[in-house]
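One chain, chain A, links the two complexes that follow: it is found with chain B in the first and with chain C in the second.
Then we have the complex of A and B:
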């Protein structure tokens, strides 16, 4: 399976839309300081102001500029999404791959752990754990990843099992290659498409999770996060503060959508049966 | 099946152990972690001595675990110092509202998703299909609580058709039909939010199944017999696409519960979600633990029952 991801995604309408959205959001995250005059944490006596030329999206209850908080919020979201995506993808590739290669008791233990975790309602478990730990960003990434790798590990294991018996692997073995060498040189590269698809799915879930946990108020309150903004703004919903509620919510939805679309496009490249014939 | 049952048993053990170990192993005062910060304010030295005695905090971990298990068996989930009442009572007070929301949400979202999926799969590639598919994919990108916030802003804050919060109009002394109407009126927005955020899952599943089934020989036979389109669509295709929906119900129950927690918070709907939210704020750990235990067990049990049912309904499954 050697796939030209960029071309596949580019050819697909949904993929193109997802990619464009993600590029826009990333650009905003990187250049946030250039796009606004205010620091997101800077408070002012002008509280709860309606959008104006000075504050395009108004101000919140402690006089912070809402626009700058929305722009900077992209950073938190994307950092968490990216880190969780990487961590859980690597975890699932490593655990699924080694389980298939080594087999035996090790495989049974890893896959049993994956199955058991899949039966747990993971959002609830994460809420419970984080309510005790009150995590910073890094801890948040670790906790979310710990509950994300299981599905991916099963897919990777299945794929590795089928790769394991291919002729080129057998050839490598006759040259004396060890398990880990085979994993690194022959299996991981062939797992590429699955891992890219997995990365997008994990990243999407992480965006949801981070926002959800922040919305519940379980995270460092000084973080600039869309979830926290929604949580705070909701208390003032009766004042019809749509300019405070809608922007972070829409930003969040667009980010999730970009990953959904990308995932959908990649799914088609990974699973050729879903591919629509081009000249049909 | 044996393997599945063992999975559930292990998951159950993990849940109990998490509940037991989290407050005791984390750094800091275990008493505060078990009983929440509110308890420390009310704490006297006698109370402290009593609580240490009650949980056996001066004993070894295995002994503490046995004490923990035996109090669970007595349905004693602890005492909330924030609400000044027993956790069991608190949960029982909130549970009916959540069950109402989750139950109706599950039924309605499955039903609507099923119908839309059937129509969409039947018309695959045509404009109806593309329209529904795109619409629901867009909807799927909206986090559940944001859907709730949108409904709240439009229908409650701006238009004022529905109430802002709560499950009942307080102090009206309504009864009978008027009470039911009042409850439904308060329920409509949260329920709509749950349905809208959950509909995509059952829709996509039905659509895929319908497309697969349409290729089967028995559909061709039905057509050759000259059956009407609607008969084929509902009786042949529809009935046969119910199976995967049933299997997924177990997984969806967990998701809907989680979604309902967030949506309840948006509408201050007095179910478990709001209870969780307030307990998180007050660090009222006994309540959090109690709800977690209850919901986790509920979700596991549903999954298990669905697995059993599935075997009964579809004899092809071993």
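Then we have the complex of A and C:
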């Protein structure tokens, strides 16, 4: 499985689309300070203004520039997405991989915990926890990750189990290799495609989750987040503030869409059975 | 009785004999074997008092020290008490004297017989050695090699000595003449004390009851000829036996690594020994009694490297291994043969720790294996049956061969690369960059198998468990690889557990063979014995099924009776 992810994704129409979208959103997030005139937290007496040359998307109820908030909001979303993607992928790889490698009681315990997490409606649990904790960004990442590793762990365990019995791993053992060497050199590289696909899935879920929690108003209200914007804007919906409501919604949809497209494309490269015949 | 005590001989500074202790009883035939240059002939000449070098020690014949005798006394000793049949038949006879005159010479010189009686005795002696009476008047150039040899033997018998020394009695003769001369020697040896000096082990086997193996001026192994030849315990004796072409053993010829050196310290054989330890380089081993023989080796002879006792492995209810006990000594090949499903691969996996055995013990290097550490895998390597699968698709040739070195942490990066290249060269593969960067799945079956072998060899293991290493190869590549493994065995004392279903191959490469059937070893022994007189019906079937080149296939003996019985039993749920 020598997968050239970049090229495979590039060849795929959906993948190309998702990639372009993600690059645009990331660029905006990175260069947000250059693209805006106001700091997103900066208030002004000009509240609830209609879009104008000064404020291209108008201002909100406390006079903050909506454009600034949308652009800066991409930062929060992407940071959460990437961090959750990485932590939950590593967590699932570690737990699934070690469970398969060590076996025995350890494996049974880990897999039963994974089963419990799978059966729990994790969104509800996360809402419950976060509404008590009122987490900051980092805490939010941890909480979301803690509830999204289980599916990945099962997949990775299954794959590791099949890898474990491969002859080249037996060969490595007969050279005197320990579990860690085998995990690092022989198993992780072959789990790569699965982990990349998992990463995108987790990231997409995290975008959704963060926005959702913020929309419900159960996270730090000072964060610049699309969810919070939606939440606030809905309160003023009677004033017909479409310029406030629409942009964060659109941005959110595009981000989720980009991850979804990427996910589809990756899945196709990883699982050749889904691949549409190229030369047919 | 002839007794030799601490005999030392040197020519100038060069010590040729370094302390020989021997005892030859009356009527006993002792052979002294070894490569040329080990001091065999010097020993023979010293016994006759003909040695030119400086001699120390004692040689006692009938309570008389030969070495301290005056030149005159020695002269009466020669031919009367000790005589010799010289090595170089062509040069030992005087071309200007007839055969009869030469046979008479010792008799007349010592004034034991009158001329008349001597002439009569010549004729009886000629008859005794199987020559016609007419030969007495012939000159050496008129005699054939065999006849000259007989004349020399007659000379040695002339004065009816107690001790006869035969120095390479048959080295220059053709096979048929050789057999005749051996018969003659056997006849005349009866009742006499005979020392046979030879490098021809078959001569030693035919003539002698006792055998002393001489190396570099020291006796390394001493015991009954039959036992020494059947089961050599000193690595040198085994080396001699392996390099000696004969009709008894079937394994390909192998030599002894290195060449004879003048060793000043430690065991004389240590530079060529494959199982030496540091002690061997410092101390001289004493010739010590060990079970049925005397042996001079710090390690007590060839060591047992791997031993299993009653190994049992079950897969559910099927017994894959049923009380398997094998023993592997240093530098030998044990072939495990049997049809597929007989438990051969399971045995390999249990030995390597890839499968756990239910019960039974494994001993490695004399100590029981409980858990296998890195150190174990540095000494024991496995060549897998499926080379394509045992090399990760992510590794190119170089990475694959370097992997064992990385895991074992041997050498620096550069050194590892060099070692890997060397191993690849050993298995006759290219070492250019384009080949080193190629992935395993781009290689041919033969190439990938050799890469797998190079991986096993690169950390220089002592024991290789080879599971059908050549089953996927065509015969010519297989021949090369087998040659390579045997060469390494010769050079480094590589021990091999060779799993194969190819009986013909097993016959050529193994010292011993174990026949496996349904997880049990049904027959085990020296390859030549097992294959020439198989005891178990299954072994007989295996031999019948072995490949051969003759076109006769219709013989009724070709039916595999035992296998048919087995199949019937299986069908009836036995």
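We adopt the following convention: the second predicted complex is superposed on the first by the 280 of 280 C-alpha atoms of A that agree within 3 Å, B and C clash if a C-alpha of one lies under 4 Å from a C-alpha of the other, contacts with A are read in each partner's own complex, and residues count from 1 in each chain.
Criterion: a residue touches a chain if its C-beta (ideal position, glycine included) is under 8 Å from a C-beta of that chain, and two chains touch if they have at least 3 such contacts.
Given the structure is predicted, the values throughout are model-derived calculations rather than measurements.
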item	value
Combined model on chain A where chain B meets chain C, clash or fit	fit
Which of chain B and chain C A:115 touches, first, second, both or neither	first
First, second, both or neither for A:167, with chain B first and chain C second	second
Which of chain B and chain C A:132 touches, first, second, both or neither	first
Touching partner for A:189 - first (chain B), second (chain C), both, neither	second
Which superposed partner A:175 touches (first chain B, second chain C, both, neither)	second
For chain A as apex, the angle formed with chain B and chain C - C-alpha centres, to the nearest 10 degrees	120
Partner chain(s) touched by A:42 [first = chain B, second = chain C, both, neither]	neither
Partner chain in contact with A:245 - chain B first, chain C second, else both or neither	first
Overlay on shared chain A, then closest C-alpha pair between chain B and chain C (Å)	24
Overlap of chain C and chain B interfaces on chain A (superposed complexes)	none
Interfacial residue positions of chain C with respect to chain A in the complex	352-354, 373-378, 381-382, 384, 386, 389-395, 403-404, 407-408, 452, 455, 459
Residue numbers on chain A that touch chain C, as the complex places them	1-2, 166-168, 170-177, 181, 186, 189-190
Chain A residues within the chain B interface of the complex	112, 115-117, 119-121, 123-125, 127-129, 131-133, 208, 211-212, 215-218, 230, 234, 237-238, 240, 242, 245-246, 249, 252-254, 256-257, 260-261, 264
Touch list for chain B against partner chain A, complex	7-8, 10-11, 14-15, 18-19, 22-23, 26, 33, 137-138, 140-143, 145-146, 149-150, 152-153, 157-158, 164, 254-255, 257-258, 262, 265-266, 276-277, 280-281, 283, 285, 288-289, 292, 295-296, 299-300, 303
